[in-house]
């Protein structure tokens, strides 16, 4: 088994310099801790709680920045896509396409993503059970693309609350596809601040440690040098200066988990 | 207050003749019961549980059939749209565009739908609270189009189960927009049959009666002459030959509810 | 089918005079509206959120007050029991023993209640499904006592929130036992105020109207002349001076529902 | 921080010999792995799903067996209590009294348990949030007894399903009381087999590993030499011959977690 991969970056792209600064810092954190690193950022937040939420740089400028991060920092990059058209365009640039949770049942989007040949990280919809994900993966695999990752990001639990059911990680792993834990969004409180989503930053490391102990392939943790000023998901981001200690800690659990795999 | 409107038809369009047969029957049922009628059917089921689920006639042929229903039966028609592009095309033909629940947070889709000037029926996502819907409606209203309907279709409740919280109906009505109860999909068991969704047909009239008693503007009830042969949602459809009795019953509750409105 | 029964009173007994005042008023409200009436109050709130919550008059004085209400107002009375010992004692005085929701799986309590020969109203635990209730009822029925009522009072839905699934009412009715809707506690927000439970008084009539439209035998609605001063459950009580209008409205739905029973 | 404690035994006492056999085996497993051990078994299952479920040896014989386990194996013992009267009686024999989840809000039971001076393990009700537990603990602490343990055993998640929210463990730890993870009952499917509860034995080690990685004081794992023949909770028990490997694995995570405590 390979060492843990960290998918991390700001929630949305803010500028080229900002992206490069974060990517450089996070790549170093991962190198020091012995983890693999993938830069993650969105060029468009297409489903903000309210219309006034900032949406990001847009696909053209966003992909240019992702391209630059890729070549200058030398790490793979991942971004989310929202339409069939975006799949082909983004697929030219990024290493991994991400299917947002709300869109995880949209057949045409899954097929278009699959056809790019890029790896696809599908987030499990907040309305899906872990055992619904083989049907989702099969849509992508029907294109001949088996480079699929399945990502837990919390399940609806009453109103404005998510819960991460840790049983879902080994359940999804039964598919044979790598499993990713999104520690940031599973502690989101969707719509919990009226016009935007709240979150519980302090619990992201809890989610990450549990998942890593179960042997997941990757964790997704958004980070920002000043989360309270981030244009989205600030309440559940980890401050950049804490990422080093967090990754060092997670890698110790990762080594132990991979020496002693759970057989579920 | 106007009498109850029934939104009904097969889940997906099967053929022109089938659509006309159902529309004619359901229009007569509504006329006899004193209800208003809108024909509802999908030209594409874009988010089937599994890839092998039938998707329907496609947008071109589907819209031709909806056009024919509209002119031959003389009733308004509603259909769902899944992309910005579809909004403009479908908006040429149908009276009401419907935003599927999974897509209820996709800003660009909501804006594109709003810009058609058609009435928009937005289904509340299974992952949303009733009080999240004003943010959704505001996205549409920002286009200058206030012809918005808000539709309850159940909320995630554990895995593979939905629950309809009746408090949500008066809560959404506080927006001033008409409220629709989708009695068919709120008794769906998503993914509950492995490769497709199950449902509890026997409880659709329960959902409808509760909602009508609270004074909703419309109910959405899918119907089919042979539900077990319907290509989708068969388990929760009402057989066509029971729709007459059901509407007669619902209209008695509708009259009572509208004479005696709840003030919540 | 018999007309609707109202179970109502203060949440907990405050004094003899207070109980008699409420019972007299509510009995008159029901007589005027054509409903049956049962006085409900607790002599002990045995499971308050926090230790400092008021618990009530205690069993001795409480039963004396219930006795007086019974003889002076001439209506049946119901109260909840928490231990086997209390069943026998309370069973001497009251017409109906109530099993609190948290205790709905305690076998010995159910058996002791059954053995009194009194009617037993069992509240469905917040952690139970409607189809779990036949097992609960069978425990009571094993004593030879079939005078059982099954009561919906909401199901856990995330944290500090309940949801009333209206499908549960006809499902429980399949047992053949009368079904009661607790419109007060199903809009409770358990623990929602830190040291006590919150509630949404404005939605109790919503719950009641839905349930009555489905043909339930009885509704449970706590009332108080000044809910904000009630020692418990104030946030979800209906002010006494609104009970007349509410019952008049509910009886119209009750007549319609019983003329046109749902067959589920 | 002390090494992990295992609370384990059969769900219900079957016989003296059976209890001694299990206790001896489990004590050795823990000694070998470096864990602390407490024997756990119930003398009465007071809230079986159905009346025909076996209830156990009864309090008198049960306490004699627990006494024998205590003196012969030399380990502390824990058992659950259901009434005030049982607290005093069981408190004479056992080291820890356990409050069942359904009873976690019953004030008099909590007070009676507290008054024995024994340590008290309170299970969080399936209907409670983690932040509701300080109110529960305060009831016990009001007796002057601060020897309190707070135990997670899953939260209601739709019907017949529980989910363990791992955020609850550090949240409850903020009280300063030791936190216990009940890995057995949090994978129970309450009422899921009609007349009894189902379970998912394969996920108990998942729950245990996550909790231990977060640094809990103890895990609760029921075990049996032949789970499918156990009179209760068989579907979620771990076979006795797998406990050695499981504890060795958990102790490695325990050491790591306690070297690197999470600060939430």
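Labels A, B, C and D are assigned to the chains in the order they are written; within every chain, residues are numbered from 1.
Definition applied: contacts are C-beta pairs under 8 Å (C-beta built on N, C-alpha and C of every residue); 3 or more make two chains touch, one makes a residue touch a chain.
Source: prediction; values computed, not measured.
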Farthest chain (mean CA position) relative to chain C: A
Chain pair repeating B-D, as identified from B-C, A-D or A-C when over half of the contact pairs by residue number coincide: A-C
Centroid distance [mean C-alpha coordinates] between chain D and chain A, Å: 36
Separation of chain C from chain D, taking each centre as the mean of its C-alpha atoms, in whole Å: 33
For chain B, residues that touch 2 or more chains besides their own: 155, 157, 159
Touch-based graph of the chains, sorted into line, ring, star, complete or other: complete
Interfacial residue positions of chain A with respect to chain B in the complex: 46-51, 55, 82-84, 102-103, 105-108, 125-129, 131-132, 135, 138-139, 142, 155-156, 159-160, 190-191, 195
Chain D-touching residues of chain A, taken from the complex the two chains share: 155, 157, 163-167, 169-170, 187, 200, 202-203, 205-207, 209-210, 213-214, 249, 252-253, 256, 260, 262, 264
Chain D to chain B touching residues, read off their complex: 157-159, 161
